[in-house]
Each structure stands twice: as structure tokens, then as C-alpha cells.
Amino acid sequence: MKAKLVTEFIGTFFLYLIISLSALAGFAADLAPIAIGLGLTAIVFASGFRSKAHFNPAVTVAFFATKNQPAKESLFYCIVVIAGAVLAAYAALIIAPTPLQAIIDNSTGFQHSESFQLIPAIFSEFLFTFALVWVILNVALAKGTAGNGFYGIAIGFVVATGAFSVGSISGASFNPAVNVGLLIHQVIDLKLFAIYTVTQIFAGLVASFIFNSIEPKK
Amino acid sequence: MKAKLVTEFIGTFFLYLIISLSALAGFAADLAPIAIGLGLTAIVFASGFRSKAHFNPAVTVAFFATKNQPAKESLFYCIVVIAGAVLAAYAALIIAPTPLQAIIDNSTGFQHSESFQLIPAIFSEFLFTFALVWVILNVALAKGTAGNGFYGIAIGFVVATGAFSVGSISGASFNPAVNVGLLIHQVIDLKLFAIYTVTQIFAGLVASFIFNSIEPKK
Amino acid sequence: MKAKLVTEFIGTFFLYLIISLSALAGFAADLAPIAIGLGLTAIVFASGFRSKAHFNPAVTVAFFATKNQPAKESLFYCIVVIAGAVLAAYAALIIAPTPLQAIIDNSTGFQHSESFQLIPAIFSEFLFTFALVWVILNVALAKGTAGNGFYGIAIGFVVATGAFSVGSISGASFNPAVNVGLLIHQVIDLKLFAIYTVTQIFAGLVASFIFNSIEPKK
Amino acid sequence: MKAKLVTEFIGTFFLYLIISLSALAGFAADLAPIAIGLGLTAIVFASGFRSKAHFNPAVTVAFFATKNQPAKESLFYCIVVIAGAVLAAYAALIIAPTPLQAIIDNSTGFQHSESFQLIPAIFSEFLFTFALVWVILNVALAKGTAGNGFYGIAIGFVVATGAFSVGSISGASFNPAVNVGLLIHQVIDLKLFAIYTVTQIFAGLVASFIFNSIEPKK
């Protein structure tokens, strides 16, 4: 299990590092969804064969719910991916202190924008977390795609399209570990953190329920 | 067939959701063709092994015409992909009510722009729907590419390049199910809906006729 | 050979159609290299298994020079890809008459810009046509990549990076068939057409000479 | 070994040529990370099967440290990739003399910008060189990905995401051979060259140490 946990930690560290630098600090400007999508594609290809490249507790819960991961390993996955996101949040503050500290000091994070609306945000997080988990289950667990060489692209690109589609509505987290980073950078508050986390885990469970209903039994 | 229909429904739902948010609502601005191309790539990779990932009645008609899909299944495919697009059109109105309702209320949809010209638009829809169906037949049905791992990229990228090339001319639908969504969002009217749909199905049939003439018989 | 020629014709038709609409007519603006790269990736994946997806006489000459294509087939390849580019040039004029006719009428094509300089342009065409043919030979003919599923990406992406790197210097043709289209659209004149064509074929021959010197004999 | 060295030379030549034209000369503007990422993807796919596509002494040192490359070959790799970058630096000056000479003459290179800060720059080079080498080791040496067809994408995309994330902080070199090019173009001075080179090689060694600790022994 050590190899899996090291892989999950490193992967989620870089996922949130890329998100915070390219999107929050604004270094990739309007191209942030591409920066994140390409980065995630690369890390997933480098990690999938060891750990299935969750980097996301909503995915881990979906794997657990579909009986594709034992409880103890699922728990450890959740712990290390959150640790990776936390460490990345502080690493980003070292690399880009000015823009990130400005967000924290002036409460200019996503949730504080005037255009923020709760219902569209929750609905966006639900739909695109569903899409993310649906894609992952089909490219990482389905019999019909066993041994495929495109899982990194499928996972990286679905996050990119989600960031393009609802980035301005919900901030495009789709991931409770990312929520933790966004909380540290004060882009979302504790209440929205809780709402997003519940929504994302629920979306993952809905995706795994539908997946189970159409995937042939082993 | 249940697995196929569920997969087609979910895929087309997200295809039109991404189109309406990134392109119509303008959330991806000039990058909308990339947002749509990456999203379609991801969903096709997650779906192709179950349903061949049509998400498009022009593709279904082409499969039927090349005797690669029975009549009844073809019909059900058309029904569920249209249902997916319709549901997505209303989901997009919940997520992005302001920009989408403005298009509907003020008749600022694509067809109403001053630069719209019918003949170039129809010719564009014909050529790029032909290209889309040509690519799909070659990566999803041809003997020579059986078992390939690039079909999602080929299909997603041909739609992206079409959207870049003729998005400003025809709106870049290439898909009768997308036409339905565009009709609900009042980007096109019923007459153009009919013209586009006939053109796209005809383009798919031309592509399948040429495909059949060069593909070795089974 | 019919299947090969049909495939080469359709592929080159769409290659030049995408170039003229996204880059010349300006519909993809600064993203034209991406539009072209994604489009070429898709078409190559749909065509490579039938015709090796040359779409380019410089590639055909390189295949002929490395004894990977007989003389007669090479000649027919050159004829149909030029025919495809010619037809695409006129199709583009139907779709986008205003911007393309303006280039023709006002001599505002690439070569007429004040910043155009011949030596850097020729050197750019040499280097990136070399890169293109080098990539194609290695992903389409080398023993070590036989049966790979990435040739479309390698070929599409090397053209995209060339268009980003020297698009403003040489116009980024890298392809005698594209030269023909550019001549019709009066972006280059007959003299530059000849210089580019000789340069590109020479670059392809240099690439195939180096390729032959390191590739194990069959 | 000749085939390997020719491949490494050509690959690194084009890598630095693309970097200097798209990013330094500014021809790809904000899209430079994409231009570089797509170009690297293409060259790696065309080269990986022959030489493992290092193009980077930090990668070569990591291969040597993990006992995956003999000392003599490692040394020759470093020599030819540096030679490739040097030649590319001068080729770029022929293609784009005006913008590149302006950087040299006016000391407007990256390091001379007012916003440059040493600690964030070093930390950025450390983290993303680690990510690059981590990805390469996992897609080019790990048992679990043997024979995969995605290594070019993984390597090209991790460099693209790094360029998006820290391009404005460190210049996004991640590669001692690129440092040499940047030194010739006077974007960095000799002192920063030394600091970056040590940092990158150290990052590669840390990545290979962690890789070795989780990769099953042969």
C-alpha cells in the first residue's frame, strides 16, 4: 500500500499546486482549465497503474461503494490526498505569495464575488463531479476498457471541460481535497466547504450506482 | 440495450451541457471549441466501448445505413440522445440563467446575427458533419482500426476543429440532437432546425456511402 | 489503391479547408495552430491505417526515397493531395468569401506583409518540414513504433508547434499541397511557391536520409 | 548508440528551438506553454522508442542514478543534448533576430524583470523538475507502464502545465540543456544558470530516489 499512498500524495500535491498557481494566482489566466487538464492528464498517466489515480475523496468513496476498494485503504487514500492538497496550498503561498495573500487578505476569493449564487454552484458541482466519477469508473474499472492507454486523457480532459463550463459559476472544484485547499486559500468558507463536499460525494455515489447498474458483474 | 441507452443519454446530456455553457453562455469565450473538444474526447472514451458513443442521430443513421446497427436500436438511440440534449438545455438554464435567457429574450442567437448567410452555413454543416461521420466510421467501425485506443481523441478533435473553422458561419452544430438544444435556446428557428437536420443526415449518408465503397467487406 | 487515394484526397481537402478557414480567414484567430493541429490529429487517426496519411507531397517523396512507396503510387498520391487542396481552396471561398476575397483583392497575403523576410522564411520551412517528416517516418515507418496508437497525435502536434513557432515568419506551410492552396488564395506568389516547394522536398529528403542511417534494415 | 545520440540531438534541438521562438521571441504569446507542450509530445513520441527521449541532463542523471543507463552513455547524452540546445539557440537567432537580439541587447530577459525573486524561482524549478522526472520515470521505466502508448503525452503535458504554473516565476526551464540556451540568449546569467542546474539535477535525484523506493525490483 506504500506505493499507492506515495503516488496519491504526490499526485494530489501537484494537482492542487497547479490549480492554485494557474487559476487562483491567475498565472494561466483564461487558459487555467487547459493548464489543469494537461497537468492532471500527465499525473494520472504517471500514477494510474499504481494507485488508480484518485487524487479525490469523492472518487475513493465511489470505489469503496462499488466494492472496488477495501475500507482501510479508502480511508488512507482520503488522508493522504488531503495532506497533499494542504501541503500544496502552503507551497503555492511560497511560490506566489503576492496574488494568493491578496485573495486571503481582501476576501476576493471566488465565493465572495457578487455574481456567486448558491443553487447554480451546487448544481454545477453535482453535475461535473458526476461526470468526473462517471468517466473514471468507466476508464479505470469497467471490464470493457481494461488495459486501455487513454485513461489519463479522459480524466484530465473531463476536468478541463468542467472548469471551462462552470468555473465562473462554482469555481470548478469537483473534489473534496481541492475544497480543503480552497478553504486554506479562503476562496470558500467552511459552510460552502461542507456543502460542496457533501454534494461531490453524493454525485460520486450516484455515478457509481448507475455504473453498477449497467456494468456486467465480475 | 439498457447499458447502451443509459450511456448515450448521459453522453449527449453532457455534450450539450458543455456546448451551451462554454459556447452559448460564453463561459469559455474564444476557447469554447477547445472546451467542447476536450469534453467530447473524455465522454467518448468513457462511452465508446459500451455504445460506440454516437451522441448524434446523423451518426446513428450512418451506422444504420452501413448495416452496423439494427433499426429498432437506431430508433431508441435517436430518442435518448434527443432526450439528453433537451434535459441539458434546461439544466444549462438553471446553471446560467442570465446569459442564456438573454439570448432567448432578445433574439440574439446565432441565426439572428447580421453576418448570418444561409448557403455558407448549410455548406459548412454539410462538410464538417461529413468529416465527423467519416472520422467516426473509420475509428469505430473500420477493420483496420479495430481495438484502437484513440477513437475519443479523433472524434473530440474533429468537432473542435470544425467549431474553430465554421463556428462563426453555421454555429457548428453537426448534430441533429444539438439542433434540438439550439432550438430550445432559440439560437436557431424551426426552419433552420429542419434545414440543418436534413443536411447533417445527408452528410452522414454520403460519408457512409464512401466509407462502404472503400472498406473491405466483412 | 482506390481506398488510399480516396483517403488522401479527403484528408488533404479537410487539412487545407481547416487551414484556410481558421488561419487565413482568421476564424480561429491566435488559436489557429491549435485548430489545425487538432484537425490534423483527427484526420490522421481516421486515415493512417489505410494510406499512412501523407496529405503532403514532401512526405510522399520521403517515402519514395526510403523505398517505402512505389513510384506510380507516389505519383498518384501527389496528384490527389494537390487536387484535394485545390478543391478545398474553392470550398473555403464559398464558406468565407469576404475575408478570403479581401486577401486576394488587396494583396494582404502573408508574403506581402512588411515584416516578411526570405531567408528566415526558407530556413523556417526547412526546419519544420524536416521535423514533420522526421516525426512521420518515426511513427509511421519505424520498426520500433509498429502498431502504435499515437501517430495521429505526433503528426498533428508537430504541425501545431511549427505553426506557433514560425507562423509569423514563413506562414507555416511545410507542405507543397498547402503551397498550392496558398497560391490560389494569393497568400504567396509563384516564385515563393517554387522556393517553398523545393525547400520542403529537400527537407523531407534530408529527414529520410538521416532516418535511413539510424533505422535498422528490414 | 549512434541512433540514440542522433535522436537526442535532433529532439533537444527542436525542443529549444520551439521554446526560444514561441516563448522568448513571443510568437505564441500566452499560448507558449501549449506550443511547447504539443511540440515536446510530438518529438517524444517520435524518439522515445530509440533513446527514451531524455532531451534533458536532469533526466539522464536520474536514469544513471537508478542504474538504468551506463555512465559512458549518460555522458554522451549530456553532451549531445547540450549541443542540440546550443545549435537551436543560434538557429533561433537566424529565424527571429529582432526580438531575440533585443532581449540580449537590452537585458530584458526573464531574470532581469523587476518581479523576479530568487527563492520562489528555485522552489518552482525544484518542484516542476521533480514532477517532470517523476512522470518520465513512471512512464518510461516503470514495469507497470511497459509498452504504453501515452508516454509522449505525459511528458509533453507535464512540461506545459509547469510552464503555465511557474513560467512567470522561474521562466520554467526544468532542464539544464534549456538553461544553456537561456544563457546564450542572456535570459539568465551564469550564476542563475549554476543555481538552476544544481536545483534541477537535485530534483531529478529526489524523484529517482522516491521512484526506486516504490518501484518493484526487477
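Order of writing sets the chain letters: A, B, C and D. Residues in each chain are counted from 1.
In the analysis below, contacts are C-beta pairs under 8 Å (C-beta built on N, C-alpha and C of every residue); 3 or more make two chains touch, one makes a residue touch a chain.
This is a predicted model, so every value here is computed, not measured.
In terms of the distance between Cα centroids, subunit C is separated most widely from A.
Per-chain Cα centroids separate subunit A from subunit C by 39 Å. The mean-CA centres of subunit A and subunit B are about 28 angstrom from one another, to the nearest whole unit. Among the residues of subunit B, those touching two or more other chains are numbered 31, 34, 149-150, 153. Because contacts link each chain to exactly two others and close back on themselves, their graph is best described as a ring.
Those residues of subunit D that touch subunit A in the complex are listed here as 30-31, 33-34, 37, 119-120, 123-124, 127, 131, 134-135, 138-139, 142, 144-145, 148-151, 153-155, 157-158, 160-162, 164-169, 210, 213-215.
Interface residues of subunit C, counted against subunit B in their complex, comprise 2-3, 6-7, 10, 14, 17-18, 21-22, 27-29, 31-32, 34-36, 38-39, 41-43, 45-47, 49-50, 91, 94-97, 149-150, 152-153, 156.
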